[in-house]
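Chain nomenclature is as follows: A, B and C, assigned in order of appearance, with residue numbering initiated at 1 for each chain independently.
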Amino acid sequence: MIEWANTIVQGILTGGLYAMFAAGLAIIFGVMRLVNITHGDLIVLAAFIAMVVIETTGFNPFLSLIIVLPIMFVIGYMLQRGILNYTLGDDLLPPLLVTFGLSIVIQNVLLEVFSADSQRLKAGAIETSSIQLVDGLSIGIFPLITLVTAIAMIVGLQQLFNLTRLGRAFRATSDDATTAQLMGINHKHIFGLAMGLALGLVAIAGVLMAVRSNFDPSIGPTKLLYAFEAVIIGGLGSLWGTLVGGIILGVAQNIGAKIDPGWQILAGHIAFLIVLVFKPNGLFPRTRDD
Amino acid sequence: MTDYSENTNVTSYKVVRSTPASRIGSVIGFILFIILVSLPNWGDRATIRLFVEIFYILSLAQMWNLLAGYGGLVSVGQQAFIGLGGYMLFIITINFGFGAIWAIPLSGIICAFISLPIAFLVFRLRGHYFAIGTWVVAEVFLLGFAQIPSLGGGSGKSLPIAIVKSISDTRAGRDAAIYWTALFVVVSTIAIVYLLLRSRHGLALTAIRDSEEASNSLGVDNFKAKLLVYIFAAFGTAAIGALIFLTKLRISPSAAFDINWTTTVIFIVVIGGIGTIEGPILGTIIYFLLREPLSDFGTWYLILLGATAVIVMLKAPQGIWGIITHRFDLRFFPVQRRLHLKLDE
Amino acid sequence: MSVLEIENMTAFYSDFQALFGVSLNIKKGETVAAIGANGAGKSTFLRSITGLVKNNADTFLYNGETLTGKVASDIVGLGIAMVPEGRKLFPSLSVEENLIIGAYQQRPGNWTLDRVYQMFPKLEQRKDIAGTALSGGEQQMVAIGRALMSNPDMLLCDELSLGLAPIIIKDIYSALPSIKAEGVSLLVVEQDINQALEIADRIYCFQEGRISLTGKPEDLTKDQIATAYFGR
């Protein structure tokens, strides 16, 4: 019995990481109606940038974010203004195909530069320390930090979107970019900021992921699918829903793994498909004309 | 443009389909077809195998183009049907003793039925999310089939020699049989897509693609039209998948449900020209022309492919064929209808 | 003193030409009305001024500064605000947020949230509701208030009366005199000719992308206007 409780608790903690993957994706879709197929590869890119920073400066992974986060923000802003802004419009083929092509490029550039070797970022004792709640049920400190960071991220995003001038600009531009221009909002710049913000979140998610488990240039697409599933399960337009979606995904995967290790990822996908059958708009959909 | 507004009366009109280019094109195409049919008689093994690959890649590209370029359904998960078709071929030849060549269309039909519940799932998503949803489905098949021991699990299964020999006694005979089957597949794929688009259904698809609202208001059943395209593409893609793995003689989940199938097809259709029949043909030619010299460079080749697709999509979204059509108004497969006005001067 | 001076403006939507050599000027504090049938080019002209539609002109000056080639968000920053056709409130923003976002560029001036609420008291009662949940007339008030929040020197109003009941239209138009009193120049596009004649100092009539008639309301006859409006 306690084993199952442990499985679920571990799943919840894993879900925090998935929610972080999803938050960036959700913002981009929310503000720009763009599904960024490079999303997973950018998480991996952030991890590799962190690796280089750590090797050069000797920082620990958390400290490396001071450098990695701004770099990813700038990459996001330039990616949006340099390429992706030109794909936005009514036709959904250009953004899809361009980000698909970019995904191939990023994966192979990483492969070329860093080889296919599996990597891991070291954070020291914090990786393995844990709090024991009861016999058989302990909570890893690092997974707990990840979950807490995910929650803090979502709270922060809610504040940003609902209470700040920039958040209003995001919402207005997302509603109607043309009329937003009439308010004096430079929509191209706003889109750039949105992507920059999303990649800042990706930076955090990437570093935390890289401490928690191995990474290599090819794992990007899998992370994209997790992020996507978390967003859909939670419901489009709901940030808290994204957190719930991530958690459900994490729990489903852990339950699957407990039944049979080879079933881990499959269980997650199946959970997603089940939600899709019964609640196609997700668990907490925000009614919006899309 | 000539001003017809004043003093010109239209006495009659004719709806015309063929163009001078298409008439010349059909002559060239016929000659080409004769040459290709005879290839097994004078070509070496490597050339025959290369052309089989060209044929099935082109067929896959036409199917994806039908789905995305004409149907407006951008799927990043058609590899699900390639793999399903392949596994279906293995199952019905090994477990049910079906003839290898006939198993190809039969696999397609079976997978068309399987596509119904899949469509039920993925049609719940729209646009970009539909695309990724189809990818998830493909991943489910990849992971799922790896769990089935009787199909070889994660390492896969080889086609028993008895079945291979049943196609023909000699290796040359087998190569020829598979080659002509592949040629038949690619010609019929292009023919069916062409006929479909010239028909009423094709017009409906173009209308839906241009504006869902408008076509709906004109009485076109959007959902039914899209579903039919999806099922047909599933049939076609699965049949081609069956052909592919008959050629390879071995199947495994990672080869069957590999996202690279989709990557290659997308590259071909985007660079060649989406939404046209000529586009995928041109794209396939370019793909194979590039592959021969560049495949040694592995990752750089893929980087070049990806970057080219990005640049083409940004600068020339209609693809290279789109540029040619625009400049020279050339159409070998005229699916448009032109209005020829007869005027009294 | 000219606030807006435009000579020979042409505008295109892809291959389709919508404006053919339109010339118009507005003096400081003046109210100019643009009338004309549907599709005559009035809205296109307004959208060209705000930079939303690509255009070319021999002269395109605002307070002496040329606007050719400027992006929409910059033009707004110079003091031109638009009340767009169809109101175009932001559904994701509340009424109050819709008003606040009008002040995004934070131009200095007298218009504040309180002053807008004074002008349109109904809005304060419903300030936390989503912008698009209001009635047509109330949405129009929000749209006007939103434009005022940017402290404009010139206000462009596109079809204020569209889709509104006559009594609501009167309400809306009764707000304009106080705006005029601040010295704001107005360019009002209207299909409702009577409303336009009542409020305008001068009229321009559009017909198939061209100016067919211009003058003061008191100098123009009904026949002249009808001919200019409908053509031939």
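One rule holds for everything that comes next: a contact is a pair of C-beta atoms (placed from the backbone, for glycine too) under 8 Å apart; a residue touches a chain by one contact, two chains touch by 3 or more.
Everything numeric here is computed off the predicted structure, so don't read it as measured data.
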* To do: For this assembly, give the contact graph shape among line, ring, star, complete and other.
  => line
* Asked: In terms of C-beta pairs in contact, which of A-C and A-B ranks higher?
  -> A-B
* Asked: For chain B and chain C, what's the span in angstrom between their mean Cα positions?
  -> 52
* Centre distance in Å when chain A and chain C are each reduced to the mean of their C-alpha atoms -> 43
* Euclidean distance of C-alpha centroids - chain A vs chain B, Å -> 34
* **Touch list for chain A against partner chain C, complex** => 165, 168-169, 171-172, 174-176, 178-187, 288-289
* To do: Please give the residue numbers of chain C that touch chain A in the complex, ascending.
  => 50-52, 71-73, 76-77, 81-82, 84, 88, 90-93, 97, 100-102, 104-105, 146, 150
* Contacting residues of chain A [partner chain B, same complex] -> 29, 33-35, 37, 83, 86-87, 92-98, 100-105, 108-109, 111-112, 221, 224-225, 228-229, 232, 262-263, 265-266, 269-270, 272-273, 276-277, 280, 290
* To do: Give every residue of chain B touching chain A within the complex, in rising order.
  => 68, 74, 76, 121, 124-129, 131-133, 135-137, 139-140, 143-144, 146-147, 259, 263, 266-267, 270, 274, 299-300, 302-303, 305-310, 313-314, 317
